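Below: a set of structures, written as structure tokens.
In the two complexes below, subunit A is the common chain; its partner is subunit B in one and subunit C in the other.
Our next item is the complex of A and B:
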């Protein structure tokens, strides 16, 4: 029963966000498609590609977690034969699937597009690090949405998360290892790139882990 | 003695500006309890504790034999819950909600769900966000009733409904209560609704249960007596009198422990009982709350 109810809640959440996932895949594919056309379109496509994932991130968390609480749909969900820990597990898993699946699909598609086009493969470590940041940003926003109902906290994380991309990109491009290889024909994974990726993955996992831990200790859900 | 459907013992919950204190509640199978209190009395907090949506600070909660919040999932398999402020997923249709809930409850009664759709004049393919408030309440009631739950918990379900929708909802509940194995906890501040369907009444005010009994006992023991008090005579104050108001020779006494012998007590003291009035549940509720508040002040 417990596994099936978690499964049912995951399927329910995925059904409700199906158009967001499909829309992000279409928009992401369109952004990638224009990238090989010219240096300007590569820039426009790249920025659009990042925007698609940022928008998906915000819409998913605000729609599936925050709005569910604000609209009191949570009363309906918690009236079902589900424990609060099962609810949290289902929410984390469904949201992880809803974001990670398009993220993986679009990341693979971006690698393929870059590999098959005139865009130098040397840019790939930079791109993957930016995409890693977006994954980390998603985990942090999801964690904050699970932990608190505070609109101020949600807005703060969204603002900081969006603005930080503008600092991260010049920072990464300014790294000697990235600057040296980004115009090159092959992707070079240097130690500092690997370290940044590691930090992004660890920070995202830690945020979600903390959210699950705090939710497991929480007694009041409405 | 069979196990109660709901059993709350010494339940407490503290918030910054509100405290639920020593709540004791018992509901047996086949009973319909009206849970009455003014706004902010603690009805919804109590109900959310027994739905394990809120954890109690102290005390024990058992629902259908399951201790809460530990065994909440098992308990909720047999509970149907409807709350005035409960919402469904706006973009999804009622048919989708029905399929979703039916997939979770093995005992889902599809024929009954269809009958309720017809009776409530609901259109399954309509998106929830397009439903009126009354239709939304009826939709949540349908989703709760067709599970065929052993316990139905209704938190102010008739609040904000127009008279026709209210009649439809209450008529359906009257139908449900014919099943003697089922228990219902019905919270409201509308005593008319409570009086119509409940056989047990519990009053709550400012976080405390102030009275609890079966409806007939409430209606039988509460009376308003109109007395003629001659000058120089002081009317006695028998047990159970909670309020006396006087104007000249006329005094009005409200008692929560009326027996026909009370008339004799007044007559022997030289006071004439002009009229003994039955009280409505609303009058009993208001008198009970006000008397309780006065007692707390003194």
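Our next item is the complex of A and C:
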């Protein structure tokens, strides 16, 4: 029963965001498609590609978690035979699926496009690190949305998350290991890239773990 | 509202059809003129009477079974959805088919060899030289063929359903089908219409042995057309009838007419086919056609007569009937080797057929019932076949009907038994304190909700009513005190599975349609109402396909009420349920609430409409400032306030009356004085003395609203 309730909640959430997922896949694919055309289109495509994932991130979290709390849908769900931990587990899993599936598909598509086009493969570690950041950003925003009802906190995380991309990209490009290999024909995974990826993954997992822990202990929902 | 208790009748009908199969097989060895080798043994005392009995029962028993299976299949499909439906059918049809065949076929083979050896004087006969080759797909399904056909027909019906849903987007085809079914059942034409396809396929069959009616498709996994049409028609019709459950009521009224039709058609069939079977395919011609038509008509006349009879006399829950109904699936699955072994045992004894037949029936039923009691009812086999194990020490409540082949839950609107059945309190608050910051919401509140009552919780805004409900639902934790729900904690999901709730300020997913919301909410409960029934009960069928966001405020409340009852709760919390409802919707809600109370549901109602509490409540609890200030029946609470209302037409001024002792308040409304008094007699005497022109004098005790106002004013 427990698993089926979580399953039902996940299916419901995925059903509600199905067009969002499809739209992001189409938009992401379109952005990738223009990248090989010229250096300018590669830049435009790359920026659009990142924007698609950022927008998907924000809309998913704000729609499926924050708005649900504001509309008091959460109260209704928890008044049913659904435990807090089931609700939190379902929310985390459904949102993870809703974001991670397009993220994986688009990441793989990006790797394929880069591999098959004139764009040097050396850029791949940089790209994956940026995409890793977006995944981490999503996990943190989702965690904050689950933990707090404060609009101020949500806005802060979104602002910091979006602005940070502008610092992250020059930072990564300025790294000696990235600068040395990014125009090269093969992807070189250096120790600092691996460390950054590790930090991104750990931070995302820690944020979600903290959210699950805190939400499961919550006792007042009114 | 339809009376869904009557579905007990269909449960009994299905059991009857299965047990009739045992009788049929028990009598098979007594049929006169049977070719040796067809059955395990030919009894030495054949009987024309048994032959007539078997011929008659064989006309309808399997069609009746498939009809009921179709009816319950749709009920289950509505409840569980496609995935749940197939999961359940796999467990309760496919597993018994596979596991049963592995055990039963070898056992049957042994009994058959024993019987045939006995029949042929100690040696098995050699196969005939001109024996035709096995047809493609040949496989000895034995009497378990009906499970195989159920699975095949489920696939066919669900594929058709999917195709119809895809093609018939505006529902016109389904409305037409419903209209045809309704019209044909009401006019009595259904038996004729259903008979036509069956009779056509029977007539077209070149090797049709008419006496055995619809051929038993037990020797091949490739479905036979006549059987598929015969039983498929029954299953599909059962499915369609479930779309309009009230049609069962028509058969309840018409059962004597259908019985007369069945007897007539059966007599005609017997006059054509004879008492004993002739093992020669019928030649094409008017006689064969006439028999096919009469036989098919008899199938449906018998079926409708039996369903109607059961609706008339077996609609109420009965422990014995339910026990036998539970046992019937197991009995039918395993009966054949036992029955055949007993037939072989007594087959050559020089006893009268009636004694031997009785011995076979009684002995086999005794063995089967004992085996059910000790090997099935409380074991994993019962879990598979009946969906649950009963405790050995107690007979236990009836199993869910969907445990049986083609079945679904028969308990429709009655609440699902809750884990604390037997306790007097369904929910309790003991010395509960709750604060929101510096605001005291509850200050040591003691309140209990008794089984089967409707408790109206009244109080001004901020009295703590919604907080109390939120505590019972586990949405809040008390600062101090104890909260109990169904004998346990409100945080236990198992307890909340027996609770329905309609909160005052909650939202529902706006993008979802009403039907989807009900489906989703129902999926959290163990034995919910079918969605269609929830829609009917709350009269929101017209809203079913509309997105929640596009409903008016009143319609949203109706939908929230539907969601509150869809899980068949034994305890229902309604927080201001009728706010925003029009008169008709409120009447519908009140009616449903009363029906739920009648069926044993316990309800906690908070309301500002005191006439609502007065109309519905068994008991009233008045809260003010987070405390319980009064509790009792409506009359008891009214009597707590020793106020009397005096109304009259008088020329006296307000000031003059107000100055009298015992007058608490006075006002003039439409030229009448409205006086609130603590001693009505004294005030009336003075009124009459002071004004000779007093007219239309009325004296009445304070109503609940006035009592409520006084009580809460005093508490403040």
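Just so we're on the same page, the second predicted complex is superposed on the first by the 221 of 222 C-alpha atoms of A that agree within 3 Å, B and C clash if a C-alpha of one lies under 4 Å from a C-alpha of the other, contacts with A are read in each partner's own complex, and residues count from 1 in each chain.
By our rule, a residue touches a chain if its C-beta (ideal position, glycine included) is under 8 Å from a C-beta of that chain, and two chains touch if they have at least 3 such contacts.
None of these values were measured; they are calculated from a predicted model.
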Clash or fit, subunit B versus subunit C on superposed subunit A: clash
Subunit B versus subunit C as contact partner of A:75, first or second or both or neither: both
First, second, both or neither for A:5, with subunit B first and subunit C second: both
Partner chain in contact with A:83 - subunit B first, subunit C second, else both or neither: both
First (subunit B), second (subunit C), both or neither touched by A:211: neither
Which superposed partner A:193 touches (first subunit B, second subunit C, both, neither): neither
Subunit B collision site on subunit C, chosen from 131-139, 203-211, 581-589 or 689-697, when both complexes are overlaid on chain A: 581-589
Doubly contacted residues of subunit A, that is, touched by subunit B and again by subunit C: 1-2, 5, 8, 12, 16, 71-73, 75-76, 78-83, 86, 219-222
Complex contacts: residues of subunit B adjacent to subunit A: 48, 51-55, 69, 72-74, 76-77, 79-81, 83, 85-92, 96, 100-101, 103-105, 140, 143-144
Complex contacts: residues of subunit C adjacent to subunit A: 466-467, 470, 473-477, 491, 493-494, 496-497, 499, 501, 503, 505-512, 520-521, 523-526, 567
Of subunit A, residues touching subunit B in the complex: 1-2, 5, 8, 12, 15-16, 71-73, 75-76, 78-84, 86, 219-222
In the complex, subunit A residues that touch subunit C: 1-2, 4-5, 8, 12, 16, 68, 71-73, 75-76, 78-83, 86, 219-222
